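You will see two complexes here that share subunit A, one where it goes with subunit B and one where it goes with subunit C.
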Partner chain A sequence: MFRYNFIYELKLLLRSRWIQLLSILLLLLFGFSTINGKSKVVKREVDISVAKQEVEETDKAMLKLLDSVEQGLEVSVPSWTIPSSPMAVGNYHPRVAAMDPQPMAFISTGQADLFTHYIKPTVSGDDFALNFTEMTSPVQLLFGSFDLAFVIVYLLPLLIIAFTYNVLSSEKEQGSLRLLASQPISLRKWVFQKLMLRFFWLSLLVTLSLVVVILVAGVQPLQWSGILILLGLALCYMLFWFALAFLVNIFVDSSAKNAVSLIMLWVVFVLLMPSVLNQVGNTLYPIPSRTLMINEMREHKAEATKRQDEILDNFLRDHPEYAINDSTQSRNFYHRYMASQKVVKEELKPIVDAYETQLQKQQSWAQKLQWISPTIVVQESLSQLAGTSTADYGNYRKQVMAFAGQWRAYLTTFLYNNTPFSQKDYLSLPQFNYQAAKSNSVFTSMLVLLLIAILLIGFGFAVQGKTQQKGILSN
Partner chain B sequence: MIITNNLTKQFGDFTAVDNLSLSVKEGEILCLLGANGAGKSTTINMLLGFLKPTSGAATINGLDVVKNELKTKEFITYIPENLMLYPTLTAIENLDYFSGIAGKKLSTETLIGFLREAGLQEDAFQKRISTFSKGMRQKVGIALALAKDTKVLLLDEPTSGLDPKASNEFGELLQKLKNKGVAVLMATHDLFRAKEVATHIGIMKNGKLRQQFVAEDISLPQLEKAYLDTMNHLEVMS
Partner chain C sequence: MILKTFFKESKELLRDGRVRAAFAIVIILLGIAVWISARQYQNTNEQYLVAEAAEREVWDNQGEKNPHSASHYGTYAFKPKYPLSLMDQGVDKYMGASIFLESHKRNEAQFSAAADQTGLARFGDLTPDFILLFIIPLLIILLGYNSFTKEREMGTLTLLKSQGVRPWKWAVGKWLSLFFPIFMVTAILFLIAGILLSNLQDFGVFKWGSLLAMFIVYVGYYIIFINIILFISAKVEKSGIALVLSLSVWILACLAAPKAASNLAETKHPFPTRQEFAANISKDKQEGLNGHNPWSKESKLLEQKVLAEHGVDSIHQLPFNFDGYRMQKGEEHEAEIYFKHYNYLKEQYAQQSDVYKGLAVISPYLPTRFLSMAIAQTDYGTHWDFSDAAEEYRIATQKFLNDDFAQNSTYGDWSYQADSDFWKKLPQFEYEPPQLGSIIRSNASSIWILGVWIVLSFSIFLLTTKTI
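Take a look at the complex of A and B:
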């Protein structure tokens, strides 16, 4: 039976012109979404490169100024910006802490439209007040980004529904089902074979369309492994939808009911479950207000400002390493300010930790329950593959915080030792290098999707369908 | 070849087929006559495994149709009232597909031979079924019976809606199959065609086989009278 189904399924598909239409549609969808995704990545790269270029230029100016200062020449800039002061370097010549786009970033915008991709932490700035969010168009937030992930997660299931909803019911409606059922074949097996063949042809189309689009859009050799993983994930997700279509085909009878049932499943898995999960997560683990946290921080700072001298004394007692080479014992505004900053940071730690813990709880809850909807699994996996997932931005944020600490510590040592910053120190300035997190959960996702699909198909074979119960063939 | 023994099918309180016992041997054509709802199609549906009998048994080629549903279908070709094939495939392709999934791997030449034997005109072999008349589609159905080397042919109102010439051609094809030893069970309203092609004729009413004749022993007027009598009198029994 398989050989004949294989040959004639293709003939039937080709002659129905449906496959031609589908191929064009897939190419257009993949093409547009890839170009859209690429353009966002390019914009991100340009933004980062412009920021780095700006730093390079200000660094050149800084080195010139340092040279003049070191030669004892007079410089015509405000005194607090002269780079021989470590605080001037720390505040007016910060490094760019950039989250460079990953090779597969174009496939999923993920959180990229919400968070910024570079920050310049200053020596006297607050880590808590580092602004990671980015202003985005509310229209884009409402509809999401039209990237490859959107096409695969949201639109591909709709194409599969259109491609599969009437495999058995159309036979009944066009009158060929009774002749078919009078052959020595199991109808369930026949439906399964037809669906698997459609899965095969659609997979081929998806693969070809993706390869064509990616080749046209330009791809780096290193990206091919990522593209293979993307393809594997897309195929596993498609198989899940084909398995659902198999169940609907054998348990429901008319084409209209099948189509409505599959659309309902799409609404449940693609729209409802992610939204419910989000709402329940917010209810179970409400995140404390960030505004309240910042207000509290300001209050602590104001309080600390009043007792800066006392704080500085305590600070230097606690941290003799900072002033080990200081022979002048000169103290100015920044000595007091930086010491009080450290105290404020320590005092605020429990509040910040509570905020972070609650956020982590909410995210870990969502992470655990993502398995109830393959859609969430795939969306999350694609974002991970693109390096734009919530976890990736969390990882970037942590690295920026650590770098800000490193930057501050490096320059604070100059401050408390009352040592001027010189040209020779320039090369030892801390640099930020973003390290992308490595995750193997994409493979777990593929495995889980495969398992769900196999279970659904197994259920379809194990449980008697409406076809036999209600005598679909007897009318 | 076809044997039913007290075959009964109930839908709730309604008895569609009531203790039906009949047999059709090799080379016999049994025409079941009866009004709509007499139980003719339900009988065929049970023989095809589309419906499970409430009680009684039916065998095809000695095999129980319930216990050996798929195996019995290897011997059967079924032609419904309106045989629908895949409209975008040609006659040869349809024949290749249906005989193929039934387990018969045949060459194109052999398939053409069967279509020719079924009386389909040569220029229609490569045409899509969407352009075919009902009579032409029935011929593809007969070609399928030939391709499957069928032992049992089940026909449900096959000549309904056919013009007299096509109906006559169909009758001739049935005679050919009968001569090849095929057992034919045909449900029909067409008394004339039944008298023409059948070796045996049964009249059904309310799920029961009320009268049964050897076709040779009864003239068309006698058959018509017996039919009308059966329809008009509830309890007339053979």
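Take a look at the complex of A and C:
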């Protein structure tokens, strides 16, 4: 029976042009979204490399200056920018702390449109002032991006719905159900076989078109494991939707009702659940107010400023160049400046830390909520695979903060030792290297999806609906 | 005949359990959405009032201080929420609500809510605009997809034709029966929102006129959807296919087109990265007058000019503190640089808007979204308006501080301190958002696009019903 089913199904799909239509649609959707994703990644890479190149060029100029200074020559730049001063290096020659795209970055925009991908921390100024958000038009953030994740999470289920909603009901409507009922196979098993065959064909089409699109777009080495995981996720998610279609096919009766039910499910899983969960999360665990945090910081800053003034003439605090250029000022301005900055930093740290902890709690709660909805699980996993999830940007931020500290510490050592920065020190300047976090939750996600799908199918076999009780042929 | 069809169809809809369930779900969701938004709105505004008062107090009680030090200490401008943000949150989530105002620098609004939230937030919130823009069109599809196809499928079409019914009357009856419930749901929602908002005290000025304008926009949007859905239903043979087709239109208009538009807009007219933007500004700044660099060429030129104007030969003889004067001139120059660079951003966005308008040809969602946000004062335009007002206030504040410095101290006297009462003389920052009239004028093109959609879709629908 299975063999008959297989051959009949293939013929049917080919003759009704479903396979042809789906291939074209999938190629178009995957193609367009991959182009979008790739162009974003390329822009990101170009931005970073331009920034790095600029640093390289100013470094060359800096080394030349250093050379002149070391040879005792006169230089024609403002005195506070001469790189023999370690603070001049720290402020005017910052390094690029860049978050290079991961090999699979093109599959999901995730939070990539919201956050910046490179930052140049300097020695003066405080870390809280580092702005990690990117300059993007908010309309773009609101609408989101047409990326591969969107196609997989939102559109693929709709294709599945269109492909499966009338497997059983069309037999009834065409009058071939009686014929089918006379076959030596239970109807549920028959529907299951038929859906699994469709799942097989759709999987094949999805795999082929994805591979074709990715090959055309160009694959980096080491990317194949990522592509395999991507396919695995997509297939597990598809299986979930086929399982839902299986239930609807055996429990609901007419084609139109099937379609409506499946679409309702789609609306619930893809549109409503995420937004409801998001709202629940925000209501139960509100995001701490930034406005109130600013208030608190301002009050503390006022106090810190007073203490700062004891260390430093308040005017000079804001204008180091004055202290350095003005011969009447003592030369060790930066010693005191760095000390006073530390005062502010220590004063504000508890507030920032308190805020961050509260935020962390809120976010980890949101993270737990995702397991309720397969849609969110897939979206999150795809973003993780692409290295564009919230966690990745949090990780990057942490690394940049650490690097900023390292940069400051390295150069203040020169400052406090009163040793000038020289050409030979150039090579030992701290460099930033982004370390991507490894996460295994992608495999957990696949397992969870598989489990849900199996449970749903099991439910379909175990429970008798109204139609089964009455008998499928009765009207 | 129109009325008869209308009553028959309405009765049929009422008797359908799924329709009743769908309506109940939508109404419950709307209720929750309005309730949550109202709470958030109240919360945010309370925080806003607290923050604004506290910030002013910090500013007023600075004690004796050099005015320029105070300018670096700076102050904050907070953006309030407006009453109609209850209906449409627009891009508020993606924009910061506080701008730090200091000397030498125009800062952007900081701390957007989206940056503090997880990826979950990017799916969207359960707010009235989400339901108005996405879910109600789906409800229209659910109610109307089989409006004509069922007559074919049940065989009543032949019957109807034998009655000599004028097709357009019949079609208008069906149209009305679909329009009426949708209109009622929307009207009730807006009425409740209006009552809720007019009862909230102290928060912004709520105007029924704006709410009505928004209501009209949404009704227009639904008319377009009703026309499209009924057109599909009239043209297609089977209910299932009509449903799938209608849904494809919905996905294309509400999900795919906006996303594709955003990708296109970005590739064609990209914003600079934050670092590039900052680098461009500092490059321009280096070339011009810097209030803090008395050794630069520009400073020397300014010095000579001022000396010549006053007919003296040393800056010590000037009737004011030249340091303060130069600081103010530098500030003005820097403000111009910022003006230029922020204008570039605005231009880029204007061009992006054209891309969105272009794609409105395939998506009535786009003009509706933009109009709704604009009327709710939660769009990018309003944010620009606020940020420009804050910048104006910043420039005025700097002038206030620098002038005091220049008038009341002598050249080289950096230890000058203003009285502790001085800070209170700085006027408060007050911001008036654009009014409905100017909003409508600046979004006229979206209104036109929506109008063309309504007229075109309606006439195509009516013309096709002739040939059913």
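Basically, the second predicted complex is superposed on the first by the 426 of 475 C-alpha atoms of A that agree within 3 Å, B and C clash if a C-alpha of one lies under 4 Å from a C-alpha of the other, contacts with A are read in each partner's own complex, and residues count from 1 in each chain.
FYI, contacts are C-beta pairs under 8 Å (C-beta built on N, C-alpha and C of every residue); 3 or more make two chains touch, one makes a residue touch a chain.
Nothing here was measured: the structure is a model prediction, and the numbers come from that model.
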More subunit A residues in contact [subunit B versus subunit C]: C
Partner chain(s) touched by A:31 [first = subunit B, second = subunit C, both, neither]: neither
Partner chain in contact with A:12 - subunit B first, subunit C second, else both or neither: first
Partner chain(s) touched by A:278 [first = subunit B, second = subunit C, both, neither]: second
Partner chain(s) touched by A:186 [first = subunit B, second = subunit C, both, neither]: first
Subunit B versus subunit C as contact partner of A:430, first or second or both or neither: neither
Contacts of A:405 with subunit B and subunit C, given as first, second, both or neither: neither
Partner chain in contact with A:232 - subunit B first, subunit C second, else both or neither: neither
Residues on subunit C engaged by subunit A in the complex (per definition of touch): 18, 29, 36, 39, 43, 47-48, 50-51, 54-55, 58, 62, 65-66, 68-69, 72-73, 76, 78, 90-91, 93-95, 97-98, 108, 110-126, 130, 134-135, 138, 142, 145-146, 238-240, 243-244, 247, 251, 255-256, 258-263, 265-267, 270-277, 279, 292-293, 295, 345, 348-349, 352, 356, 380, 383, 414
Footprint of subunit C on subunit A - complex, ascending: 32, 36, 39-40, 43, 47, 51, 54, 78, 110-111, 114-120, 131-146, 150, 154-155, 158, 162, 165-166, 255-257, 259-260, 263, 267, 271-272, 274-279, 281-283, 286-287, 289-292, 294-295, 298-299, 301-302, 305, 314-315, 317-319, 321-322, 325, 359, 363, 366-367, 369-370, 376, 379-380, 383, 389-390
Touch list for subunit A against partner subunit B, complex: 1, 3-5, 8, 11-12, 15-16, 174-176, 178-186, 190, 471, 473-474
Interfacial residue positions of subunit B with respect to subunit A in the complex: 42, 45, 48, 50-51, 70-71, 73-74, 76-80, 82-89, 93, 96-98, 100-103, 141, 154
